[in-house]
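What follows are several structures.
Consider the two complexes below, in which subunit A is the common component and subunit B and subunit C are the respective partners.
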Partner chain A sequence: MSVLLQVDDLRVAFATRHGTVEALRGVSLRLDAGETLGIVGESGSGKSVTALAMMRLLDQAGRITGGSIHFRGQDITRAGRDIMRPLRGAAMSMIFQNPRAALNPIRQVGLQIADVLRAHRPLAAREARDQALELLRAVQIRDPERRLDAYPHELSGGMSQRVMIAMAIACEPSLLIADEPTTGLDVTTQQTVMELLAEITARRGMALALITHDLGLAARYCQRIAVMEQGLLVEEAPPARLFGAPGHAYTRRLVAASPTRHSTVQSLVGAAPLPPPPPRPAGPPLLMVTRLGKSFGPGAPAVDDVSFSLSAGESLGLVGESGSGKSTISRLICRLLDQDAGGIKLDGEEIGLVPAARFHRHAKRRDIQLVFQDAGESLNPRFTAAESIADPLRNLLGLRDRAELRRRAAEFAARCGLEAALLDRFPHQLSGGQRARVGIARAIAAGPRLLVLDEPTAALDVSVQAVVLHLLDQLRRETGLAFLFVSHDLNVVRMMCERTMVLQGGRVVEEGHSAQVFAAPQAPYTAALLAAIPHFEPVA
Partner chain B sequence: MNATLRHAAWVLRGNPVTLAAGLGVLALALVALLGPSLVAYDPIASNVPQALQPPSAAHWFGTDQLGRDVFSRVVVATRLDLAIAASAVTLSFAVGAVGGAFCGYAGGRLDRWVGRFVDVLMAFPLFVLAMALVAALGNRVENIIYATAIINLPFYVRFARAEVNVRRNQGWVEAARCAGNSHASVVLRFLLPNVLPAMAVQVSLNLGWAILNAAGLSFLGLGVRPPTPEWGILVAEGARFITTGKWWLVVCPGGALMFAVLCFNLLGDGLRDILDPRLRT
Partner chain C sequence: MASAPALFGVVVFTFLLMRVLPGDPAVFFASGPNAGEAEIQAIRVQMGLDKPIPEQLVRYLWDIGHGRLGRSMGTGQPVTVDLANRLPASLELTFTALLLALCCALPLGIGAALAPNSLLDHGVRLLCTLGVCVPTFVSGLLFIYAFYYLAGVAPDPTGRIDIFASQPPTLTGFLLVDAALAGDWEAWHSAASQLVLPACTMALFVLAPLARMTRASMLAVLTSDFVRTGDALGLSRRRVVLVYALRNALLPVITIMGIVFSTMLGANVLVEKVFSWPGVASYALDALLASDYAPVQGFVLLMALIFVAVNLLVDLLYGLADPRVSVA
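This part shows the complex of A and B:
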């Protein structure tokens, strides 16, 4: 096969206010015609910068400081706009992470596809429209004639990504760069989008550079995988070898930290396996939820007749895709939202009758705390870490003494593995993992008995996720906290929870012991969810 | 604090216009503070033999029809003009930001009523409303302040309301409620501090506008009365002589007025960059 793209010792530096930052420090890779290459790594590893450099789309602050990029034998390292413009979209094109943000919100998608076509070929509006329709058929959008005139906000995330793919393949490029094309999509949608992408590239002989943080995804769809860490390409191998016998220490850590169907919370961080927590004495349940219902406006209810119970120290997983009602349930139980129907009993006391607007004064407020999905967004930008952790102590325990508040905040921070030196930093000065620790420290500060975790690791890199999951598991073992663990990641729920409840469209479709649900799912929906998770199987 | 100063220095280095505007505002503040002790002549005492002298080494801005030194009068007027503007803006900012933030957080009926009331207020020609208020309340300095505060109020209410509205469903507001904060505490300790940087821009722009407004009222004979030195009055008095070529009587106080308004307006933008902690890395 002929070499399509050749990158040699590529170096990219960004000018920032603190001087120059080297984003790529000598990356070399090769992509043959029709081949699929995976580029994996965590945030900050330089995978997106590599993609943008290949398209020559780096923003003003970024500069190629060394190395070369050859595309179809032509040196494009320093090619000007006149050379790059005919290439972009026609010979090489890109699919972005967030399709909604990448589409123009005030232009019909059919016209946007036609724009790409007409930028490279002399086409009449009518012809361009016909070809756009053809492309929408190719990406298997249902009802393509109608979608042609749809605006991006009328499409779901998966459909928007299909439109992006249609735009990317419109001019039959020989190279397609997909930067996290399915991040943010549900697993089942991810599966259909990826299958579509794989099929289209195979049929049209396009080369695909798939940039992803998901090792399973890369393993399933790529012939070769390159692992990046801090601007360097540390290892490149076919998936079987990479996951079977990872050569580089970083790859080994990354592989270990990625949840698979056999991993445990301990194995993710390389700790010794622990026995499951001892069975607790049977008693009255801590939380009793009966026939909970909630709807937002007309249409299908968000939560429909959901009942479950949770004993002290137990961990229950709530899984489902977007729109399944899992976040709504967590907000209802935390008393941030009022339910339309049903009851919530904590310790035998009916708290579902207390309006959410008045629950902050209730004695049970401190017993239920919430850990948020995006720790960064859940911290007041104007509070330091210490102030955030001390806030519940101040309000719920009535502590006012500054020194005492500070001491307690430091204690909980230490418990969550947050260094004391970081306590005076503001959220934007902390890394994702550190923010997650602040969020957890704040949630446990008031001494709750039930912790509701709403996708606590969804925004984190796998290695950070591994550490945070390990921390949460340890906390539960030590304090006897009960967890209501909401997640879309089935592997994470399997590791963290004794029982699992599967939600679809606001209803419970399956409930049982995690081991059972995952080994032998009863509901077809659960089986479909499980099948859609991309896996990698170590060969060795 | 050190980090804040470093950040401010960094913003100003890339933005010399803001730096210049900041220095201008600083100079104005100093002049306002030290005003009477900076000048060589009594701003009120008349000296008729020296009437209507053009600018010279002795009288930098010339003299007026009663022989008073225009430079002294312009400098001494700074304190009164800035004081009126600053008090009015502080008042409308305090009431408007807190009220608007509560409305934006609460939503519902209260929000709708306050919103409509503000709309009605804004439907009046604001300067005419201010004139009517001063005329009704009486021709005194504090009434100029109240009138200016009232006509500025709608902007703050709307601004705070809109800014709080986009933040009220963010994670950290929910987290604040989980941590047992009362609604008042959520608004005052969480939402308002996050809205302030954006509002500081508004305050700075508004100060310029309030100075113009106070001067405009005095120009029309409402509020401050002669012989008190005040920029609007100085311009009004000078306007009578402009046809006879005594330009300095209008140009000098008018220039001071323009300089003050310009400084506050230019400062606005740079201020936002300095105050927002998220822009610091």
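This part shows the complex of A and C:
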């Protein structure tokens, strides 16, 4: 095997307003022709910076301060645009996270593929178009003749990523760098895109550098995996050895925090396992949803004839892919949307009749609270953590006494593991995990009985996710809150919820005890979802 | 059609505003300072000013509905005729100035965005600040002083065409177009040289919003993902900047262009005065000073119509430029 890419002691610094920040502090790695290397790590570990540095695509603030990058034996550490431009796209290509944004929104995808071809080969427009069509076929896009003239917004996320792959492989490069290529895609779409990527790179003998935060994904598709932490490469090994016997403490933590088929909320944070919560005395259900329906405009309804019930203290998981209606259901139950059909009973009282626009004044408002996906976006940027937590106390309980508000906010913050010193900070001064805690503290401040959690950990790193899940589980055990847990991550739902409901196209395809649903799925769709999760088997 | 209520509001508001403003047109248009009370009253009755204001408003609306905007006391002509005669002059000046401003603003904005905080960027910022700070009548007078008085390269700033040049036959009202159609290149040249200074004055005034918008929007687009994709796949710099970045960056500039155009038509008044340009804005100003209701009301209605038309045009342009926008 010949060495394709060699990175030695690479150092990259970014100039920021607060001085220079070292993003890479001496990274060395090697990639042979035709090999697949996974680079994993959490946000801020420097994995994307490594990828961009290898392509020499760092923006103006980032600078290579030391080390070297050799590509096919050529030193490209300080190569200028005139040397890099013929290499990029033709010898080394890159695909990005968020494929929709990575494509030019106002140019037909066929033309964008042709642009790449014509940048490196003397082709007439007609020939380039024909080759673009071939490429669309190669990435298995249905109806490629028609897709040539489509704009990116007319394609789904998975389709856009296929187009991006077509562009990247157009000139048959020997190295493909994929930076979180499937983050944000559904699990089944992720599977088809990754299979495609693996198949194409294998058939064309291309080396693949896969950058991802998902250990399972790296384990399934890579021959070697490099683990990065805070600008350093801490460990590098084949997947079996890395997950079987992680050598570095950070790798061990990362492996432990990643949800697998067997993990529990406690095992993620390395705590002693707890028995499942004791069965509660059977009483009338807290929440009764009957034949709920909602459609947005003509076409298939977003939610179609969905019924379920939830007891006090119980936790129900809603899983499904984008468009399955899980978020719509959660918004209907929170009374942020009006349903078209069906009823919602809380404690035997029909709240489905209260229009969403007036529910905020309803006595039951405080009983149902929401934890949002993006804790950063859902906090008022001009409120401190304490003000955010105290807000529902002011609005729903009518508390006005400042000292009392402050005391209560501090109390809820403490229960959510938020240090008192952080209470006066604004959202942008908090980390992702801290913001998530503020969001949870705000949700429980009004003393709800039902907590609707809409992808509460989707934007968090696995180690932070582990801690937040543990916190939520603890809260539920202590306070007897009922959870309606919406997530696309099946492993998280399995750990957090006693019962699971699988949704597809607005309809319930399967419902049952989590252990049962995950061990022996009845519906083929559930089985397909479970099979699509990339996983790794930590050899004990 | 959706703009009909807004247009109606504009019409009524202007009508009432003119009635509220001090000044009695009957007194103003009476034969002289010695006109007697009877004569003034007669004029008042002739103009319909003796009726109560609601009745005047209804009559006015009735007239508008039948395409009549009233008669100007100053020129003695129907307002529609006056406006039709003068609008091409204003439009010709505005279009030329806008074109000139765009030709300067786009390259300057792009250049500034490609090298932020460079000498060029600071130079563009200085030019834009000057363009906004210096009022048009000052820059206009400076231009006249420099190019007409000192250098002597510009013709005297009086009107649209040299009075001794032959007037081309009126087809569109745009002298440059008419002269070109008639093949009268001498007249074309004369009209063009008259146009240069006022157009430059106007262009300098609107350079700032256009150039700054281009720069800001280019800066945003240049850091976007798809520009990085273009770079990552080895497209040439020219292609990345012009096809990938600029075409996307132009979308907000189109919006600003519509606003700038509408503003220019009204803000033209100072330039038209300084250069004795026979446009609609100076016509309206004269009428306003003379308490001549009909022309002012007609002018405001015309401006509102143009504003609506320009917005419609911008929406249509947007639909062409951005496939994500569907013009229903």
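Assume the second predicted complex is superposed on the first by the 539 of 540 C-alpha atoms of A that agree within 3 Å, B and C clash if a C-alpha of one lies under 4 Å from a C-alpha of the other, contacts with A are read in each partner's own complex, and residues count from 1 in each chain.
In this text, contacts are C-beta pairs under 8 Å (C-beta built on N, C-alpha and C of every residue); 3 or more make two chains touch, one makes a residue touch a chain.
No experiment lies behind these values; they were computed from the predicted model shown.
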First, second, both or neither for A:Arg88, with subunit B first and subunit C second: second
First (subunit B), second (subunit C), both or neither touched by A:Leu10: neither
Touching partner for A:Ser378 - first (subunit B), second (subunit C), both, neither: first
Contacts of A:Tyr151 with subunit B and subunit C, given as first, second, both or neither: second
First (subunit B), second (subunit C), both or neither touched by A:Ala466: neither
Subunit B versus subunit C as contact partner of A:His360, first or second or both or neither: first
Which superposed partner A:Ala101 touches (first subunit B, second subunit C, both, neither): second
Doubly contacted subunit A residues - partners subunit C and subunit B: none
For the subunit A and subunit C complex, residues of the former touching the latter: 55, 57, 59, 81, 84-90, 93-94, 96, 98, 101-107, 115-116, 119-120, 151, 153, 164, 167-168, 170-171
Residues of subunit C touching subunit A in the complex: 223-226, 228-237, 239, 243-244, 247-248, 321-324
Subunit B-facing residues of subunit A, complex: 16-18, 331, 334, 336, 357, 359-361, 365-366, 368-370, 372-374, 377-382, 391-392, 395-396, 426, 428, 439, 442-443, 446
Subunit A partner contacts - residues on subunit B that touch it in the complex: 10, 170-172, 174-183, 185, 190, 193-194, 277-278, 280-281
